[in-house]
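Shared between the two complexes below is subunit A, which pairs with subunit B and subunit C, respectively.
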Partner chain A sequence: MTSNAVRIGAEPGKLARRTILTVVGVVFAIPIISMMEFTFRDGLGGGYTLEHWVALFDPEQNSKYRQLFQAVQNSFVLAVVTVTIILFVLLPTMILVQLQFPKLRRVLEFICIIPITVPAIVLVVGLAPVYGIVVRVFGGSVWTLAFAYGITVLPYAYRAIQASITSVDMTTLSEAARSLGAGWLNVLWRVLLPNLRRGILAASLISVAVVLGEYTIASLLNRQNLQTALVQVSKSDPYAAVIFALLALAFVFLLLLLIGRVGSTRPGRKTT
Partner chain B sequence: MTVANAPELLSGDAEASGPRRRLSGARRRRGVTKYLGLVPFALYVLLFLAVPTLIALGTGFFDGDGALTLDNVSALADPVILATFASSFWVSALTAVVGSVLGALVCYAMLGTKPDGPLRSFVSSASSVLAQFGGVMLAFAFIATIGIQGLVTILLKDTLGFDIFANGVWLYQVPGLLLPYIYFQVPLMVITFMPALEGLKPQWAEAAATLGGTRWTYWTRIAGPVLAPSFLGSLLLLFANAFSSYATAAALISQGAQIVPLQIRAALISETVLGRSNLAGALALGMIIVMVVVMTAYSFLQARTERWQQ
Partner chain C sequence: MSDTIQQAPGATVDFVDVIKDFAGQRALSGVNLSVAPGEFVALLGPSGCGKTTALRALSGLELVDGGSILIDGVDVVNVPVNKRDMGMVFQSYSLFPHLTTIENVEFGLRMRKVAASERRRRASETLELVGLSHLEGRYAHQLSGGQQQRVALARALVTRPRVLLLDEPLSALDAKVRVQLRDEIRRIQTDLGITTLFVTHDQEEALAVADRVAVMRDGNIEQIGTPEELYMSPANPFVADFVGLSNHVNAEHVGGTVTVLGTRLPLLGERQPDGPVTALIRPEDVEFAVEGIPATVVASSFLGSLRRTQVRVADGLILSIQHEVGEHPAPGDPVHIMLRGRPVSASPRV
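Our next item is the complex of A and B:
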């Protein structure tokens, strides 16, 4: 390929691409590198140590980090309950609306997008009195926070599942299965859900990511989750807080990488 | 039988013949049970989205004793509150403009790379993490970078003798929000703007080239106008994103209420800001009004964008 070939279209030249991506990449790496550097610092005097990382896995100092480990556990419980809400409340509704109430599709989309317009900091103002009742009914355990998180993840989960729904002709599939004598449960379990599994998986993973990163609602309703614990611990032991923050960032990065792979590869659909 | 047909008789459907009547009765009954499937979701959204939103917007109109008052809402015109709204506005606007320009550049640089390639999947995952997950952790990252003992702060002081805090520590003030906010705005732009850039069809470029157009005419006459609504829409989304974000600011600024979300925090925690009890509701109302305006404009622009993405 000659280098002075006339370029048409929008694509950038090699040099432009490399320059932009390198500069932005380096600038965006600096804060992450700074966090890593910070975790190896030996106090304010300078010098480096592995002490802060080792201490986390030292059973003798476990009690020091109990709050953080408890918070991680809380966040995982919240993630599981939130995914349960998505799978057992949102998903059936989306399938039902797609098959039975085509006129309601727009309404459902509108409802699911509302949480973008109503930010968490606004929602929490109204959630405080609602949680007064929730605590009376379900008790004050941390998992009840997942009711609010189910709303927070609604736009993300909706988009992920809807992408799958539009790529599959669900009406034809379910009618075909019905005409072959399958009952509704069979249609759902053996025809529809397998076809939607990529969207369902992506919706679950993005919900986990959003829940693990949530701070606003938990902190203003005085509940303990990973993020609120990070803020509290950072005041007494900033090293531990930053290490946990880095680990959480890495974990969610891998989770989202997985979503990308789920989205781009199509298991079981390879054409040979 | 009679019981089953009762609704039909009551509705005065007298002309229908027997069998047909029975059929439509059965259909209508099925129609009602059919809707039962929507009840769990409807109930859930009602309890945890509709009710909290209405409470948040409504409390602004009541005082501490439950009596109707316009006192809180009129506080929105208070100079202190107006100043926080102004700070929120300029922080959001500035970071949205910088973020959308930088983000669009990154999208442009990624054009022509393989959509399933490792570069794309790395960039898109990293963007999602920073845009949607960062929050508190971004505050940590910037304290580690440009805090008083931050890596870059010390590096600049030791090598160039340049003290970024020569005029006082601004990281824990409103200007300190700018860099962390840009840090999550750029990735959000990459996520929202990339589909629009990918929607540019190679045929348009070929057609322009065949007709003798240069790259300049291609960008100014074809790609530019096609991308404009999407770019503006993304800009608005970024504005809304910064305007409503709370976690980074809360972790960075532990005292005071310099922007609206922090003002809501102060109102929720202390109950009496400016001597008013339900100010949080009024602030929430003010925020929602801004958000609704911005998001309505966004969805209008988005609809125009989708014309080209078929």
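Our next item is the complex of A and C:
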């Protein structure tokens, strides 16, 4: 663009873009850098040390942090079960609605969006008696919390998968596949899933991110996950809590980066 | 022609009193149609006439509510889509976006558990048949619309289906590609001798490629015949109006003779009561004359191999005339016209 004319509604200029980026970057960077700086502090006396990081992985102090490591493990189990619920319940439902019951699309969308409008604390009030039954049926293991998480991640997972569904003409593709001799399983496995790959990956990754950051439900239902353990540990060892918070942030950041990458690649495996 | 894609003699297809309803709306009301082995039949009609429904009923994508559909004499209404052994090309681009051209063509063979080497060989041969062997490794998004439909055709043909179903495969393409591909479909169909049903709303397309054309309206077949029969002797005014262009002219009918603009012409089609009618006159059945009905030229358009001119006759009626490009009537010119003595279709005027 060489002209000096002001373009209404056009994207901001280079300088404006850099300024916005810098301001936003600083807003995000300051707390993270401060956290980082905090983890290297040597008590209140000043000076820096690697001691707090080393301590985490020191076998002798293992017992001290066992609870924290257990919580990380719990959170990963929860993430895996939640993603499984999304893949085996939400995804087939969405495909079925799209292909066989298109009139139900709005209803499904509405249902899936509801959880975002209900605060977690309100959700827990309803979930508490439900979990009375869940515990009786499935026992009180941590993974049962994933039933609740399966609901809280619905809005995010739904959006991600729906974006993929609308970008592909699933009806024609499945009709073409069936006319070529494919049964429903083959249609699903060889035609639909490969074309919904991006949405499915994005939905899974964002579900993992949401589960790893969940505190309210776990805390109020007396379950231990990463976030509740962090809060607990922070009371006795603030350094360890901050280190884990940093690691969790970094992990989720990587996940989101991956979602971005997944979203921008073309469906073709190779291009000529 | 390679013998791997050589077709066994095409199958017969029979629709017997086929009925289909959509939420109380009748889409097919007792359709009867017989297609001979290796025949190319076009289903032609305005949108909503049931032509696509008929094709989808044959493919198994729609279940029928009554009647039977026979392939080689065997009723297939209860056979699921994936067992009917039909090749189908869709109106919208339907290539699998995650597969290359050749993988798309191989899909049907893979479903039939054909060995990998055999699969590749047959897919390559079929791609060659549609002239795209050089694009084997491309993805759908790297192909033009015409190329995508060719691949879709190859994909439908590679399994040597008993019947080829074409659901408006050309409607998304631009005019030139459409004519090319249309001719090519006809060539391949003739070579393979495969029984083919072709759905289109474009009468020119139907007349150009089909052995016989079935004109449909409101879930019924109004007339089935060769393109010449439909054009020259339409069974009713709907067919006459839908196939080819027509001038609608008020006329009088008495005992099988229609008097149009003072000219007496024989009535075409079924007998009907005497009285006022609307006659359908083809533009090529009107000509300029030294003497005859006086008219004034309104507009004239050059159409390549011929010219079509609109003239206004005494009572304000506008007539379209088709004539040679050598004649150059200018708007406002006074001319005389006359009707050729061909039989006309006419419907009672209300």
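Just so we're on the same page, the second predicted complex is superposed on the first by the 258 of 272 C-alpha atoms of A that agree within 3 Å, B and C clash if a C-alpha of one lies under 4 Å from a C-alpha of the other, contacts with A are read in each partner's own complex, and residues count from 1 in each chain.
One rule holds for everything that comes next: a contact is a pair of C-beta atoms (placed from the backbone, for glycine too) under 8 Å apart; a residue touches a chain by one contact, two chains touch by 3 or more.
Computed from a predicted structure; not experimentally measured.
Look at subunit A after the overlay: subunit B and subunit C fit there side by side. Look at A:Pro92: by the touch rule set out above, it reaches subunit B but stays clear of subunit C. In the superposition on chain A, A:Leu180 makes contact with subunit C only, while subunit B stays out of contact range. Annotation: apex subunit A, arms to subunit B and subunit C, angle 90° (C-alpha centres, rounded to a multiple of 10).
In the superposed model, B is the one of subunit B and subunit C that contacts more residues of subunit A. When both complexes are overlaid on chain A, the residue A:Ser234 reaches subunit B alone and has no touch with subunit C. When both complexes are overlaid on chain A, the residue A:Gly43 reaches neither subunit B nor subunit C. Within the superposed three-chain model, A:Ser219 lies in touch with subunit B and out of touch with subunit C [touch as defined at top].
In the superposition on chain A, A:Val191 makes contact with subunit C only, not with subunit B.
For the overlaid pair of complexes, the smallest distance between C-alpha atoms of subunit B and those of subunit C rounds to 5 Å. The touching residues of subunit B, counted against subunit A in their complex, run 34, 37-38, 40-41, 44-45, 47-49, 51-57, 59, 102, 105-106, 108-113, 115-116, 119, 121-122, 124-126, 128-130, 132-138, 140-142, 144-145, 149-152, 183, 186, 197, 200, 202, 205-206, 208-209, 215, 218-219, 223, 240, 244-247, 250-251, 261, 264-265, 268, 280-281, 284, 287-288, 291-292, 295. Residue ranges of subunit A in contact with subunit C, taken from their complex: 168-169, 172-173, 175-183, 186, 190-191, 194-195, 197, 266-272. Put simply, subunit C touches subunit A in their complex at residues 59-61, 81-88, 90, 92-94, 96-98, 107-108, 110-112, 137-139, 141-142, 152, 155-156, 159, 165. Those residues of subunit A whose C-beta lies close enough to touch subunit B in the complex are 6-12, 16-17, 20-21, 24, 28, 30-35, 37-38, 44, 85, 89-90, 92-93, 96-97, 100-101, 104, 111, 114-130, 147-148, 150-151, 154, 156, 209-210, 212-216, 219-220, 227, 230-231, 234, 238, 241-242, 245, 248-249, 252-253, 256-257, 259-261, 264.
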